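The chains carry the letters A, B, C and D, assigned in the order they are written, with residues numbered from 1 in each.
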Amino acid sequence: MTETHPSFASWLSSCQTGLDGEIFRHDGHSEHHYPLVIQYEDTDAGGITYHASYINFAERARSAWLRLAGFSLSDWLSERNQGFIIHKLEAEYKTPSTLHDRMAVCTSVDVLKRASCVLRQNIYHENGHISARVIVHGAWVDVTSGPKAFPPQLSEIIALFHQDQ
Amino acid sequence: MTETHPSFASWLSSCQTGLDGEIFRHDGHSEHHYPLVIQYEDTDAGGITYHASYINFAERARSAWLRLAGFSLSDWLSERNQGFIIHKLEAEYKTPSTLHDRMAVCTSVDVLKRASCVLRQNIYHENGHISARVIVHGAWVDVTSGPKAFPPQLSEIIALFHQDQ
Amino acid sequence: MTETHPSFASWLSSCQTGLDGEIFRHDGHSEHHYPLVIQYEDTDAGGITYHASYINFAERARSAWLRLAGFSLSDWLSERNQGFIIHKLEAEYKTPSTLHDRMAVCTSVDVLKRASCVLRQNIYHENGHISARVIVHGAWVDVTSGPKAFPPQLSEIIALFHQDQ
Amino acid sequence: MTETHPSFASWLSSCQTGLDGEIFRHDGHSEHHYPLVIQYEDTDAGGITYHASYINFAERARSAWLRLAGFSLSDWLSERNQGFIIHKLEAEYKTPSTLHDRMAVCTSVDVLKRASCVLRQNIYHENGHISARVIVHGAWVDVTSGPKAFPPQLSEIIALFHQDQ
């Protein structure tokens, strides 16, 4: 058996929804849904999901959201030395989840400014209850020179997910 | 907006392949393919995937494999106090992977005995190269009384993935 | 060479300050200092400490604080089925830290009620700058019946670390 | 209260043994002992330490060992673009450990070649029993040009920990 396996790229494409989630229209704005399963590594000796794991889930969902919307954080970092940083986050824990539960992270945008934004990420259990709410304050930076306006392409993507109230 | 969201169970069902992977026939035995994306949490300051993250990937794939094959580890643990333990593992690292790469863990069975087995888990990059090989020696135990023969249902599942040479 | 090594208990006792930190009096209340080193597993491909790692650092410090103050969370959980749960947390990120930096988590108490409390955990870099502030809202629960007053022994410990303003 | 805290560098120095462990002579070679406490993040829903956490413990011990022996991996990486990579690891699991147990990782060297080495890392429980054995095959590389002989300073450090049989 050879060390290479020819068909992974095409098979992985067929897993798109599971890997990067899906975008839905909802109340006049877009919302990103990201699916995941609670793994052993996410739980702790208390028998439920460890509280910091939800912060990881929110980060996986943000990466998946931008990949799916067509914005490559890795290219911007390697080619232009620019990227997101997190200034602040708040997490509220509602209902615990347990090993092998299926969950969905729903991401939308609360505030969009020239160089920063506030994201709202609700983490739902398969049974429809909310497990955690995460609010993330992020800003765009040039790694060497500091805060910088969002690239227009990114700003347009974020605007689509903005809930105007 | 209410704290519950009605449609997650059905949406999560549609993500099945991404969440639990897929089973393929290959050379007379079954093989489980589990897809994943390298996340920030999986990388380290060296710029590539942290070596212990591959051990997590292998564990996520084993859980997904048994869920997909219809065996619930969580039910056996909570109802009968029985489960898998890992005695030994070996990992070989071949080609590094980096942030946001798509990977697939391919799981098959090298050895199946009455109460233990050896699993072979190859972790492939989307480009077809192998990133890591993980060999896992597991055994079935009653949590209080120690080693125990596999339940027949589990033994039959494992046998389907056994590569006879 | 035998599989047992006789002297670990005594050697580990000599590492007490490194493992569980130290308690200082400061402005009329006690403050717990917990030391740690940024490890590869704590960093990400951005080259700095991954944001969720600070949530882990805060949890390690809370466990160390109560162990050092003489309160065993594990005994209360196993013998009486009671323990802490986290309702809410807020994290503010100030100055990044990098691989192998030495840090200290300083824990004190902002609010103490009958069955809940708010902890303030500042995470300092060895150079004296603050890297992150974490505010944690916790409550005492009986795992089966729900919210419950703190045990008097625990309430007295928490009170010592309370900053009255 | 100011955002800086003046005394952390000196306080952290006093935690040296807990943070980076200690070097002992044993049977004609040196051995590095690294202490740690099992944290919530290291455990899983099975109630014991998650198997991949031991791979993290071994990595923390290797970093601490070289820091304590005076070799700075971060300087070599940033200034000369050289560092360790892991080719292969084997882990055997003996006795489980649980939340808040104190452990020690004992590191010595089995094989030392011009550009690679094999490390033996035994992870002991405070009670003297061995919890896990980890064997790590590492090599020195120039990140851009590939395998390279160890720097003499590093080679001399590794030789001190070599068990000649």
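Just so we're on the same page, a contact is a pair of C-beta atoms (placed from the backbone, for glycine too) under 8 Å apart; a residue touches a chain by one contact, two chains touch by 3 or more.
Fair warning: this is a prediction, and the values are worked out from it, not measured in the lab.
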{"item": "Counterpart interface for B-D, drawn from C-D, A-B or A-C and sharing over half of its contact pairs", "value": "A-C"}
{"item": "Identity of the chain that, by mean CA position, is farthest from subunit B", "value": "C"}
{"item": "Centre-to-centre distance between subunit C and subunit A (centres being mean Cα positions), rounded to whole Å", "value": "28"}
{"item": "Whole-Å separation of chain centres (CA-atom averages), subunit C against subunit D", "value": "24"}
{"item": "Gap in Å, rounded to a whole number, between the CA centres of subunit D and subunit A", "value": "33"}
{"item": "For subunit D, residues that touch 2 or more chains besides their own", "value": "40-41, 46, 52, 56, 59, 98-99"}
{"item": "Overall pattern in which the protein chains touch one another (line/ring/star/complete/other)", "value": "complete"}
{"item": "In the complex, subunit A residues that touch subunit D", "value": "40-41, 43-48, 50, 52, 98-99"}
{"item": "Subunit B residues within the subunit D interface of the complex", "value": "46, 51-52, 55-56, 59, 77, 83, 85-93"}
{"item": "Sites on subunit C touched by subunit D in the complex", "value": "3-6, 8-9, 11-12, 14-22, 33, 35-37, 39-41, 56, 59-60, 63-64, 67, 72-74, 94, 98-100, 102, 104, 106, 122, 124-130"}
